[in-house]
Structure formats: structure tokens, C-alpha cells
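When the chains are written out, they are named A, B, C and D in that same order, and each has its own residue count from 1.
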Amino acid sequence: MGTRAAIAGASGYAGGELLRVLAGHPEFEIGALTANSSAGTALGAHQPHLHPLADRILAETTPETLAGHDVVFLALPHGQSGPIAEQLGGDVLVVDCGADFRLADAADWEHYYGGAHAGTWPYGLPELPGNRERLRATRRIAVPGCYPTVSLLALFPAYAAGLAEPEAVIVAASGTSGAGRAPKPNLLGSEVMGSMSAYGVGGVHRHTPEITQELSAVAGHPVTVSFTPTLAPMSRGILATCSARAAPGVTAQGLRDAYADVYAGEPFVRLLPEGQWPATAMTLGANTAAVQVALDERAGRVVAVAAIDNLTKGTAGGAVQSANLALGLPEAMGLTTIGVAP
Amino acid sequence: MGTRAAIAGASGYAGGELLRVLAGHPEFEIGALTANSSAGTALGAHQPHLHPLADRILAETTPETLAGHDVVFLALPHGQSGPIAEQLGGDVLVVDCGADFRLADAADWEHYYGGAHAGTWPYGLPELPGNRERLRATRRIAVPGCYPTVSLLALFPAYAAGLAEPEAVIVAASGTSGAGRAPKPNLLGSEVMGSMSAYGVGGVHRHTPEITQELSAVAGHPVTVSFTPTLAPMSRGILATCSARAAPGVTAQGLRDAYADVYAGEPFVRLLPEGQWPATAMTLGANTAAVQVALDERAGRVVAVAAIDNLTKGTAGGAVQSANLALGLPEAMGLTTIGVAP
Amino acid sequence: MGTRAAIAGASGYAGGELLRVLAGHPEFEIGALTANSSAGTALGAHQPHLHPLADRILAETTPETLAGHDVVFLALPHGQSGPIAEQLGGDVLVVDCGADFRLADAADWEHYYGGAHAGTWPYGLPELPGNRERLRATRRIAVPGCYPTVSLLALFPAYAAGLAEPEAVIVAASGTSGAGRAPKPNLLGSEVMGSMSAYGVGGVHRHTPEITQELSAVAGHPVTVSFTPTLAPMSRGILATCSARAAPGVTAQGLRDAYADVYAGEPFVRLLPEGQWPATAMTLGANTAAVQVALDERAGRVVAVAAIDNLTKGTAGGAVQSANLALGLPEAMGLTTIGVAP
Amino acid sequence: MGTRAAIAGASGYAGGELLRVLAGHPEFEIGALTANSSAGTALGAHQPHLHPLADRILAETTPETLAGHDVVFLALPHGQSGPIAEQLGGDVLVVDCGADFRLADAADWEHYYGGAHAGTWPYGLPELPGNRERLRATRRIAVPGCYPTVSLLALFPAYAAGLAEPEAVIVAASGTSGAGRAPKPNLLGSEVMGSMSAYGVGGVHRHTPEITQELSAVAGHPVTVSFTPTLAPMSRGILATCSARAAPGVTAQGLRDAYADVYAGEPFVRLLPEGQWPATAMTLGANTAAVQVALDERAGRVVAVAAIDNLTKGTAGGAVQSANLALGLPEAMGLTTIGVAP
């Protein structure tokens, strides 16, 4: 009875969010929780907010502990999902929140991540054209990165409708949970509170080729992407400010109509009323994206802004949304569209 | 089909949280949403995180707009609930998140709030001795203040077991949402970020007589309370640090046992494992309290600390918990015990 | 003995920062402090951090209260400086922290601000080519906006050296003090903490024509600017992420050399070592800018990032730096290059 | 020419603040900067806000690198100052920001810190009775802990005047910089932002015996102290809420007069006007304390609240204030009383 799910990497932020989402899902039963260095300790020592699961003991992340489940969610550092996934049966639904199976081009993988390319799985962003069909027919899902999720939701309608020139500029501000839980000096509260900082500037961030790949696919021709991530003094959320030169003849109304058409039926994307702009607080803890778009007529650019919760729609909620599709469940099952604010 | 609920004060923080909780509750159907100065505008302009309710229009707060519902939740400034409640039928469940019906002593009301005392309703903190029975038999509920909720959950087991002397000292740090949504200079982000401040010092805060009343009732004799609220640079959450001189003969183990006994069966209060101390992040968005207690043998004091989300367990979640009891529903229905972290 | 300075608008954030800077300046003596609605109250009620000035009483902002000073600093809402300045003698140094005298094009003023254009004064960003000479010879200074300050310091060396194509894209994240002290619901701590939001999107922000004007002047030909401001959960600081298509033949080394040449002798701008990227915390409370630049060879863009404290280098410190020049004092007198961190 | 100062532990938060204060001090010349694991790297990699010192290279912390200076400031983990200090000449002024020489009672040292007691040096809180004389005559200074500094400034006037009973209750909220720079999971920005947490509850925090020792000395009889530290979501600042039962016959006016008398001539302590309560933002970056006191007549308690910047008045500023005295310089030299706000 129910669908039994294992979570590998349950002591980290992505793993914790997966547990939060799955614990509120009517179909899933939470099975094995695994970790690496924290194996043998109680979940409550790492995730005290997961009150009803606090006494669960973390197992070691091995193919054996993950065996015997209907779904396995992998929330592991990049490079670790590939070897694990190989040993899981082909009938098991494997949902990888890491980067291992996102990129189609092995050269991109090697350039940005190094090491051997593990392969390419269907891309778990159901909103992109054609993806729902692919996700309904797969046992393997590559969950998008958090920056790609928000950037693509901001920009893809413009490229799908041919309204933007093929040079996109994206500046995104992320909460610190996107950097994970491993303690590093620059992620200390004392360092990040009260401060905005840039990092991974100049096209070197690993999410760059992923955004490039998906925008190009939507556009039907190569799109170059200038992507700059910044770190914001907040735990959760990403705000992406995206722009591209407007294609000839684009009007403000035509732009808005294109976005309204694409997002009319989407359960998790809200095109805001004109005059209201996205804030990450609109989406905290929800599987939603808030999107707005404008035409800057003086500068001749389409400017689109989107906000998500990097851990929910950007990771765990998006993973469950895609898993719902692969399992033949209603896409929105167990996923809230109501954020926690203020 | 379903229980129809109206929310008065839907544009404020307490009202927004009531909507968040009720929208996830399987039994309630959300009826009229009312406001004062925001009447006539869409909810989404004030509560953009409540995505599926964004297009609902706010009505004016009058007995007429609130009529025809099974439950009316009042989230109004103090002094406004009394007149409204008088005009609602006796068979309607009225749940007042304001202060109007919390105090039993009219002199306390006049001293701390001024004006005429509206009356006294059953106190919506089910965890206190005898309260569940009272709440199951009422059509009128006075939801506790947020500071009293967290302070009482921290301290009442010690007084119920006779382990603490009758002079309690409470210092609590609250997020800014507790101060409401009316814009005041001292609540600007620029003022509160990066700063802790004290206010209402010296026994003048209005929650002082409420805490005193309930602790005294639990103890069976008068307890004096020194209560100091402070404002913390966060939106949600209260951490209360409470202490009292230990009664003669109290041991650390006896103290812990008393708390373990009281909270063993409680669905929403977690006595943390020894060595783990409450953080408000454990409870964000959840209807839970995290509690810990210690005996300071050098100073001879019982020290108890509790954390809640002021808007959830401290207001809207607590309100729904009590309403569940009054409606004969399972007490925990529709209320999550899983917080949003990090 | 000393230079007597009056500050109009002393109860606001810019005024408070002017006082902080002037109080530590060996040459200035603080004269009249004026305000509008706060006239008659003690400064300490508004600026309790200005300990030694706490008992000073605010006068009303009139030409009379501002008369009899060597320097008048105006920290007033836009549109109010013009009328005041007219009535101050031509020998008084008037330093306007507002927008009234920044724009050269009356049509720009009318489009972005409305009303009559007050005129154009020398632009108080000494780092721009030719500005030091102009500032040394003037009694009237238009202090740049905070966003223009940081954006120009990030980008102008690329345009001065002909290394960037004339379409600049700027996304900047500002602390909330940039929005001033008037209480508005969207600036409440509860709203801004934990959230990034966009505003003024699509070229409508008033700092857009100012950035355009100055970049075009440096480049020697028209530059279009796509500028998007965002609000970050912090009180102070701006991080600007700026990019433009690289001119043909630009190399990473050539780019870096151009910045190094421009900033080699600048007392307040630090081109960070390669690999280190700006954070606003590097500049908090200091009159400094931290700058870094990279060439994104895949996307073909110059990417420059700068951080400042919006109230110090972005307003009050910049104002004093320019005033030092106009008064024949050492440019760096009284201005710290050491921030407050962490 | 000038007084040459070495700083041991220059890569940490206390060391960075010492450098910030000393760089603005007209008498000190900054000599050797030392570190442990960061030895050999540039200061700018750790303290990028110290712009003019960014290229200074950190030496190893040894008696040799610290030799040849007039003053040595030690900002080292507890237990490390003792061995170093032994090898510095008796004519060198040694200012220890660590705990090694604060406690008079070796048993207290062993209980709270473990290991051998290094000794007792004059206590660097000039505001306490008799301390200025001791500090003027010493070559060895034990800088108080940050919590003791703020707690003592809040409470000692009440004890000095005999207005409080000998059981003090202190709850203090500290910014995260007080916990230092070593990366630990619980100090990550993701964990601390948006959250208040308790730690060291029940009398186990190491600053407890220090507060007890000094309050007892001021009172002239033993005072017990219940001290609970909490962690607030901010980088700097401590707010201490302190109370004790009022002695018989105490009046509100008598209480206020006692504080006004004690603090009338103090350059760094501001007793706020009645009705204004301390906020840490009043003191950020300044060597000041903001203090307020009230009598809670219902509860019969004296309640005193104080705010400081834990790194400035609580560590580095306090250290320089005491060093000024020991060197025969004006006590306030080089120390600002103006905070950075908002």
C-alpha cells in the first residue's frame, strides 16, 4: 500500500526538503534514509524540524540500503549518483537531484565537472515543451539545478515564441541553502548576514551549460548565456533577473500574451498581475514560481524576472512533481502552492 | 459539505496565516474574507504567497459579511472582536485571535488595555490541564497571545508539578511579524535587520497578566511574572527563556521526568533530547513547540526554553487546533508538525 | 575655526550618515541640523547611534536655518533641493544628495521625475575622467545616486578603454536603507527579511538615465542601459553585476590591465586580486568600492561587479569626498577606507 | 614615534576588529600580524574590509614574531595566551582578549575551562569601581568576555547602590561573530538566519563565573547568577536583559538616579532617556553601551537592559580603552562613540 521511497543524502538540505515534501504526500511511504558521514545517527540531530521523523536512524548510502523501494531519490554530491544508479533495477524510479545526468554533451560535462560523463536522463522540468510526455514514460529523472529551474521559467516563453535574440543575460541571487550544508568559512552566518556577494562570475558556474542547453532546445537554435550567481543574506529562495535583446517587432502586449499563454494552465507557475514583481517570499516552502515580464523599450530588451524556493520548486518539490508524472499520479499531488509568509 | 469558515482581518499577518492553515485543512471551506481599509482589493495584493486565493476580493468586516458561516475566525486589533462577536449567533463557532476575551480579571483588562472588559472565553491552549474538555464544549474560543503560548509551554509543567517557586522570569525574543503589518518606523527592515532591541520592559507588556493568570491557575497559587519581550531580526518565531527558583529538593532528573510525563502524549510539543536546545527554525510554519529544561544547580534555578512559530502555534495553528476540538474533529487535523528549514 | 556645515534632512538615513561622516572629519564643525516633520525633536530620537549628537534639536528646513554656514548638505526628497538652493548664496558650497541637479537633459528629468528641471551641477563622482577638475572649481555639487555610483565604478573603465559594446546590462541588489525611512508596508522588516524582490523593472527606475548619461559621456558615444534594481534583505550595501558584449579582440588580460590602470591611484576603489569577488560586507561603513572584472569567453561578454555601501560611498561619503575637493582639502580627509565586518 | 602594536590572531573576528580600531587610532602603529593555520597568507584573504592592510602577510604566532613591540594584543583561543604571555617581557603591555587571566578562582577555571589556571590580571572594564586605577598601573590586562561586559554594565550600578537582591537573572542574545570564525554546521548562515536559539543553558556557559565574580565584588557579598546565552540572527551585537528582585524600599526614581550618577561621566556608556530602550543597532561599530533600567513594581524586580557591539566595546574597543589607560593616553583616544546605522 503506497509507494515506498528511499532518500539518499537525508542529512543534507536537499534531502531534508525531500523528506518534508514526501511526509506531506498522500501516496508516498518513507523508507530508507541514508547518509555518508552521519550514518548511524538520528535524523533529528540534523533535521530537527522534521519532528515526526526525528528518531529515524540514518543508514549508510549503499545499493543495498536503497534496494527494495519503488522510488529512490538521490540527493548526493555530483559524481556520486552515477555509480549508485547503475546498481538500482531498471523498474525502480530513480530521481537524481544531482547534476550527473542533466547534460547531454559529454564535453560540457568534462569542462564543468570533470571526470566521466554518466549519461543523460529526461529533464525534470515538466513546464518545458515536450517534457511531460518524456517524464510520463521514464524510470530515470534528472532533476534540474535550482538556477536553471528559475532561469528557464523566466525566459523560455520568450524563446519559445521567438521574441528574444539569442544572447541571454542572467543574474540570480540565491539563498545560502543552495550552497549546501558542508561548513565553509564563507558560508558562516557572520559572513553572509548583511552582505550580498558575487561568485562563479564569467561563465564558470556549472549551471551555465545546463541553462544554455535547455534554452537552445526551446529556441531551436543556439542561445548563448551569460550567467552570474550571487549569494543573498537569506536561507532560501532565488530571484533571477533575465534579459535579452527583443526580437524585431516585439510589443509589450505581445510579450505578455506569450507568457500568459504558456502559463495559463500551469499549476505551479503564476504570471503575476501587471505591476506586481516577484519576491522570493511569495514562494517560500511552496512548489511555485512567480514570474513577471516587461519590455524595456528604451534599451530594446525583454526583461523577465522569476522567483522560486530553491529547495522546493528548485529541488525537492520539482523532483516530486516529476516523480508524480513518472508514477502516473496527478502531477500536483502532495505539492503545495501556498508559501510561508511573511 | 465541509465546514464553512470566514476570516475577519484577512489582509494582516494573522489572517494570512489562518488562510494558509485552513487552505491545507481537509475539513474547512474558505468563505468570506474581510478587511477594513483593504476592503475591495484582491487578496493577492496583500498575501501574494497564497497563490490559489490570490484573486479573492476582500469584503468589509461587518456582522453581515461574516454571517452564514459555521466558524468565524477573528484576527482583528484588540477591542474590535467584542462588538463583532456579540452579533454572531450562539451556534456559530467564534475563534478570537485577539486579546478581548483572554483575561478573567476586568481590572487587569482595564489596566493593560483600557476600555470595557468584553468577557472571558475558554482559553485556546489545549495543552493546559483541563482545557481540552472546556474547548470541546464551547462555541467561543479565546486564542492565547503568542508570548503566553510559548512561555506557558515552557514553564507550566514545572508549576504543575510543584517544582518551581512562584516568581517566574521570562525573556522572549520575537520575530517582527508579531508586531503586525501596520507600517511603523521602528519596524522598517532597515531598523530591525542586524539588531536586537528591547521594548515593553518593566512589566508593561499586555501579555504579562495573561501569563500570570494561567501560570497561577496551573500552580494553584499566585505566581508573579517578570516578562520582557525583545524584537529579533527575523520575520517569524519566538524563543522564550524562562526561569524560576527551584523548589526545595528538585533534581535534574525529576525535572526532566515531569516534562516528559506532561508532553509524552502531546501531538504538537516536542521535549527535545537532552543536550539539544530549542531554535525557532525547528518550528517555522509548523504547529509545534520545541521545549527543553535544565536545572542550574549553582544558581538554584529551573531554566526552561521553548520555541514556536508565533504565527502558527502562536496564533493561527493554535486557533485551528482548538477549533478542531470544538468541532469534534481530530485535534491534529490539517495541522503540520513539520517545519520549513533551513 | 573649521568649516561650518549645515545638514538639511538630518532625521533621514542619508542625513544620519552625513552626520556620522562629518563627526569624524577633522575639518568640519556641525552646525544647523534641520528636518521637516521631525523639527523640534531631539536628534537622538531618530538617530540614537549618533551618541554625542543625541541632544541636538532639529530645526525646520528653511533658507534661514541653513544660512550662515560654509557648506550646506541637502539630503531631501527630489524636487525640494532646487528651491532651497536658489536662496543660498553663491559663495556657500551646496552639496545636493538628491537628484535635482544630476541630469543634463531636461526631457530626461521630465520623463523620470516630472516637473520642471532645476539645472545641472558638476557630478560628484571624482573617479570619472575630468571630474576632479570640475569639482575643485565649483560651489555646487550634484552627488550621484547610489546605483549610478556603483554601476559606473564597475563599468566605466571598460567604456573608457573601448573594451565594451554600447549596450550595458546592470542588475543591482540594494539594501533597504536606499529606499529611505518613510514607513511603507513593503519595507517592513517582516516583508524584506528572508526575501529578494525586483522592482522598477523594464527601464523605469529613475537612476537609469543618470547611468546612461555618464556611461555615454565616458564612452564618447551613446550607450544604452538596461538597469534592474532588486531589494536585498540587508540594511546597507549595493552589489551591482554589470555586463556588456566585449569589443572585438578584447582579452582577459587586456581587460584586467585597463581596470588596474584606472584604479591604480584611486584612494577609494580597490580592484580585488584575481579570484576574489566583491561582497558588500567588504565596504560597510567605508567610503570604498570593491571591483572585479572578468571576460566570459563563451558568452563573449565583459562582466564587472562592484560593491559599495549605498549610504557611505553611495551617498554621504561620496558627498564629503567631493566637498573636500571643492574646499581645497585633501580628497580623502576624514573618510575611512576600513569597513565594519563581519 | 608612535606605539608599536602586534596582534596575535589577526585572521579571526576579534583580531580583525582590533585592527579596525587600531588603524583609526592616532597613537598606534600596526606591527606584526600573526595567525596559526593562516600564517603565510595575505590579510586581505581573511579581512577584505581592512582595505589598506590587505597586502600584509600573516606571520606565525610565536614569541619571536611578537617580540619588539610596545603592546601585544592577544586574540587567541582560550588556553593559548598563557604560554605566549610568559615569554613576553615585563615591560611590554600585554592585552589578552581571551579568557586565560580573567578568573581569580582556580577552581572556577578548572570547572569551566579545564587545565591549569594561568593567573589573574587586572580586569579591563574601566567602568567598574577601582578599575581605572588598576589599569593605569599595569602591564597586563585581561579583557572581559563580551557577555560579562554587557551584563555588568547593565547590572553593576544596581548592585553598587545596594538596590538589588543577590540573585541575578541574565538572558542575552548575541550575534554570531561571538562564536568565532571556525566553521561549524550550527553557525552556517542557512542555520542562523531567521532563527533564534538557546545554548549553554543551565549555568554551563563559561562567562557565568566571570559575571558572578565581578558582580559579587561590586556588591561586596556573593551574588548568584543565572545566565542564559542565545544566538540571534545577526553578525554583531549583544542585547542583555537582566533582572533581580528589588531591595526593600527601592523606587523607580531612586533606581534611575543611581544609574544616572554612575554613568554621568562615563564616555562610553549612555543611559538612554526614559522611554527609549536599547537596541544593538545603536552601538554597531562603536565603543559604546546603551543602557536603560526600570522597576517592575508588580513583579518586584529591577530590570536593566544593555546593548553593545560584542566585537567593539565587547572585545577590541574595550581592549584599546584599557590599553589607553595603561599607556597613559587619554582613555577615549581613537575610539568612536558613533555607531553605524541603520
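In the analysis below, contacts are C-beta pairs under 8 Å (C-beta built on N, C-alpha and C of every residue); 3 or more make two chains touch, one makes a residue touch a chain.
A quick note: this is a predicted structure, and the numbers were derived from the prediction, not measured.
*Asks:* When B-C is set beside B-D, which has more C-beta pairs in contact?
*Replies:* The greater number of contacts lies at B-D.
*Asks:* Compare the contact pairs of A-B with those of each option in C-D, A-C or A-D, and report the one where over half match by residue number.
*Replies:* Residue-number overlap above half with A-B among C-D, A-C or A-D: C-D.
*Asks:* Express in whole angstrom the distance between the two chain centres, defined as the mean CA positions of subunit B and subunit D.
*Replies:* Between these chains, centre-to-centre, one finds 37 Å.
*Asks:* Roughly how far is subunit B from subunit C, centre to centre by C-alpha average, rounded to an integer in Å?
*Replies:* Result: the chain centres lie 45 Å from each other.
*Asks:* Among all residues of subunit C, which ones touch two or more of the remaining chains?
*Replies:* Those would be 13, 177, 188, 190-191, 193-194, 233-236, 279, 281, 284, 342.
*Asks:* Within their complex, state which residues of subunit D touch subunit C.
*Replies:* 13, 16, 20, 23-24, 42, 44-45, 47-52, 54, 177, 193-194, 235-236, 270, 272-273, 276, 279, 281-286, 288, 290, 336-342
*Asks:* Can you check the complex and tell me which residues of subunit A touch subunit D?
*Replies:* 13, 175-177, 179, 181, 183-185, 187-194, 233-235
*Asks:* Touching subunit D in the complex: which residues of subunit B?
*Replies:* My answer: residues 167, 169, 171, 173, 175, 188, 190-191, 193-199, 201-203, 208, 224-226, 228, 230, 232-239, 241, 243, 245, 277-281, 284, 292, 294-301, 303, 305, 307, 342.
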